[in-house]
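Below: a set of structures, written as structure tokens.
In the two complexes that follow, subunit A is the common piece, with subunit B as its partner first and subunit C second.
After this line comes the complex of A and B, so read on.
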């Protein structure tokens, strides 16, 4: 008797446009070892037919690097915000449920609009104010321990998992989220970046800044880069408070 | 006076560097990318960026970097271009450092350096094993700063489709399409710089991101831009083979002491160390890939007779590995489920990088006035084989050249250009619109993604590590068939909102045409040089073997120390290959042999 071929079942939440109503479709694809969610979606592209035999438009989603560096393929997989490329089928319960990260506006299917995160990076001035890309002199020597912390934070790929998981990011609150906040901390660590430390702290004092963080600690649980987000949020909070006090005394 | 408007297509390292330089020179940039620029493929570069910092007491010199690059490139790189790049490298590193790139540091806080392939001195600056990500982010941040200041307008999720030219053949702007609303629009500019990266997707599975399809390069090639040296495709020796992509395991593994081996007669055989005693595991990529291919395919010594060899880090202390290679160890552990700190990794070569690309001069101008190319999409700096950690360098450096040159060209030439009417521009736009509308209605039996997979398999079979003229002829024939079959594609998404399928179908056609340029150029070059290794055939078309060894064409400087230049013949849609001189007078060509120490 022929062995029954192993398959993988998906229930995918789809949405044709930003304003239309979501609906689900089911797909079943052949199993193979080391298969991940992005590779499965690629299989569906090759044969976009639902389990009930309907030929449909292939599922739309965003991906680039497929090695968890670019941050593009974030979606909600079995209820958890994560990168689809490293979501291995072997480690997921089936049927696998894929949904867009609805903290962000949905463009189509699993494709979302995360431009708000890039706007937040402008707000916190997540950059070093170098005079220009020309040569000035030697760059300053840096404490290797501080540099190690900076390196950890600098892995943040703006994927948005921490915003999706945060109960304070969404229509009910204007919190900009862990990722952009912690970027302010990153640049405050840099020997040149720290010259503008106060500007960044000011930016985090306003509406939607660090005071909107409810310390639910969801962000650190979902960060695919294992950045100690809550640790840095706490330190930022301390810096912001110190700065606020200083403001009061200087008045 | 109005500011000069430059369009930069592509927001990787080169495009962002060019953008910065243009803003600093007083120009204005419209920056197009089909992903947020922070997600560009430059971030997949892992091991580092080369620059002669000479902080390890090895008396490294810029000349040595220059010579290593030219020798590593098997004497096909323009030497003046390379000289400019290696001289600028240390300055670029300091710039990145000031911008906040978290380079890995020594205990006293200066930049650490590591070994890399094809170089005897420690010359590679790095940020753990995610150097590309860190460099890209630094430029992304600086460009965002300019966005706030008003020098840059970003068009993210817009796909470049074509350039448009005036009646004198000067490039005057681009036609691009919104990937959400699908609106097709013309954008005027004084100069257009393409910084659209490599064509890895032409080979299907590779180490490149899904966005690296070479479609933009192919589009301008079909509009008259020449391509140079496309046959030189770098196969990276160490990648994790995968069904969706081959994931890169950085050369830094070997730079930090990793060893490559297989079992032979029941004992580990460190074949690279055995075959190339002078450089060992740190031979350049073309050499290492050929050796691994030979060991697996011709000697059948791969792991379980499969196409796999060991890349071993397990003898290196775990905390050292964590600090120097943490990022890639995580990739391996995550995707393979085994810990490289404990067991040897299993790897095989994969298509990785294109040395060739759009034919540019040393200022990065193409043969179409007003059109420039910069970064992996151009042909400059690497000759027949690129040294590891020279790609982040060439990407960043090329942007420092193309950006300022674009502004300069605009200042000098824009007033002399002829009028281009709205009707002319609309005609160009309409052509793209019609083509897209047609694709959206395609109703044939072929699936575009399956066709793409098929093409990738063909390219791997005939145009990768070992090539021969029979195979290349077969490949060209098959590609022509695939181009025909493209006409019979059917799309299931006929809609007009975020239609990724239609966009892919358009890209696929460009990929097929670029694949033909690679193949034809490989067919025409009857020698072996760098990444292009061609096996000789006897009069019956059989591969020639001597004492059990395949016989490769030798390098032939007299006939082939020239740049392959490929133009598109619009009538037949086929590539036409010619050869052109390039600057190689600074270092005299000499035989390349990594079994012995380099002689100058």
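After this line comes the complex of A and C, so read on.
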């Protein structure tokens, strides 16, 4: 007697163009051990036939590194924003629902346009103005304890989980979200970057800056890199408040 | 660069905790005197009426009306920027985030009714004195009693959760442990204040 083949069921929210209406389709693929969502989507791509036997256009999604480093494959899996590459089928409840992260504009199916995050990084000046280069012995030194914190924050891969989970980020609001805000803190810690600290704090005080944080703290819960986002947001709150007092009394 | 939204938001936070927190506590204490019986309650009100009318009205406008209107109107703007999602992300803080906004919506409606009926209509237009008997007859209607109790619980939760978020917004509590301690303390205070409210509200019928 042939053993019933184990399968994995997916309900995928699809959308043909940035402006068209979303709809769902169901897919079923054969199970294999250690399968993850990205590998499943590849399986669907090979044979894009829905459970009711209709041949459809393959599902569009984005992925790159396949090891939770690049952030590209972020999508909403069973209602939660996370990386598809490290979402193991064995740990997910079936049918698995895949949706695009709608806090960003959807391009097609699960593919989203995250350029708003890049714009936010530019806004908070998430870089160091290098005004020269040094021999190793002459370079400004970094406090090793500060470097540990900086290393943690530098893990951020701009995946956008924190923005998708945040109730205050979305088309209804102009909040830039946790990730870009905390990147400003990262560059404020840098021995050369800190020269522009006030510029970054000013940017964070602007409309949609850290002011729009409502302390729902979803960001820290969903961050795939376990960055202590709320701790750094609170530190930034301290910094911008001090900066605001300086603005009031020093001028 | 003038960061208007930054200063407005910080003012909103400060105004909510300090001024409106004060209003809430004043209401709790004044109304708690009902537990001492009609005499104590009416004497308290009579003492307040000793304050000359223009000064009393000035206090009402500066410490009650203006802060409530500012916090309420700017608060509605803030609440509209949120898309509550506790059903997807059911963490305790996210639930409180949503509750902070839901209680706010209830309080907008409740305060229009409460201030409009008691302060503007009954006291202002009809010229009636607020008294133990008046409050008792108002609360005698079980629907009114329930709406008032929910209004008080909403205000108390909004205030207590406001303490926690105030500490985060002002950078007082930074790490998760200190935030958790303040959160638990504030929720404890919330329970105590709700029980206290229930006690003086039902004392009218004991």
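Quick note on the criterion: the second predicted complex is superposed on the first by the 245 of 251 C-alpha atoms of A that agree within 3 Å, B and C clash if a C-alpha of one lies under 4 Å from a C-alpha of the other, contacts with A are read in each partner's own complex, and residues count from 1 in each chain.
The definition used in the following text is that a contact is a pair of C-beta atoms (placed from the backbone, for glycine too) under 8 Å apart; a residue touches a chain by one contact, two chains touch by 3 or more.
Quick caveat: nothing in here was measured; it's all calculated off a predicted structure.
Visitor: Given the alignment on subunit A, is it a clash or a fit between subunit B and subunit C?
Guide: Fit - subunit B and subunit C, as placed by superposing on subunit A, sit side by side.
Visitor: Go through the superposed model and pick first if A:11 touches only subunit B, second if only subunit C, both, or neither.
Guide: neither
Visitor: Write the angle, vertex at the C-alpha centre of subunit A, between the C-alpha centres of subunit B and subunit C, to the nearest 10 degrees.
Guide: Given the fit on chain A C-alpha atoms, the answer is 170 degrees.
Visitor: Of the partners subunit B and subunit C, which touch A:167 in the superposed model: first, second, both, neither?
Guide: Once the two structures are laid over each other on A, A:167 reaches subunit C alone.
Visitor: For the overlaid complexes, name the partner, subunit B or subunit C, with more touching residues on subunit A.
Guide: Comparing touch counts on subunit A for subunit B and subunit C gives B.
Visitor: Contact-wise, after the overlay, does A:207 reach subunit B, subunit C, both or neither (first, second, both, neither)?
Guide: second
Visitor: Could you look at A:216 and tell me whether it touches subunit B, subunit C, both or neither (first, second, both, neither)?
Guide: The second partner, subunit C, only.
Visitor: Does the superposition put A:175 against subunit B (first), subunit C (second), both, or neither?
Guide: second
Visitor: Rounded to whole Å, what minimum CA distance do you find between subunit B and subunit C in the overlaid structures?
Guide: It is 20 Å, taken between the nearest C-alpha atoms.
Visitor: Following superposition on chain A, which residues of subunit A contact subunit B and also contact subunit C?
Guide: On subunit A, no residue contacts both subunit B in one structure and subunit C in the other.
Visitor: Considering only the defined contacts, which subunit B positions touch subunit A in the complex?
Guide: Within the complex, subunit B contacts subunit A at residues 17, 20-21, 24, 35-36, 38-41, 43-44, 91, 94-95, 97-100, 102-110, 127-128, 130, 133-134, 137, 141-142, 144-145, 147-148, 156, 180, 209-211, 242-245, 247-248, 327, 330-331, 334-337, 400, 447, 449-450, 453, 492-495, 497-498, 500-501.
Visitor: Can you check the complex and tell me which residues of subunit A touch subunit B?
Guide: Touch residues, subunit A against subunit B: 16-17, 32, 34-36, 38-39, 42, 45-48, 55-58, 60, 62-72, 85-86, 88, 107-108, 111, 114-115, 118, 121-122, 125-130, 132-136, 138-139, 141-144, 147, 150-151, 154-155, 157-158, 186-187, 190, 192-193.
Visitor: Spell out the residues on subunit A that touch subunit C in their complex, using ranges where they run on.
Guide: Its residues touching subunit C are 79-80, 165, 167-168, 170, 172-173, 175, 202, 205-209, 211-218, 221-222, 228, 230-231, 233-241, 244.
Visitor: Under the definition above, what is the set of subunit C residues touching subunit A in their complex?
Guide: 1, 3, 5-7, 9-10, 78, 80-85, 88-89, 91, 93-94, 97-98, 100, 164-165, 168-171, 173-176, 179
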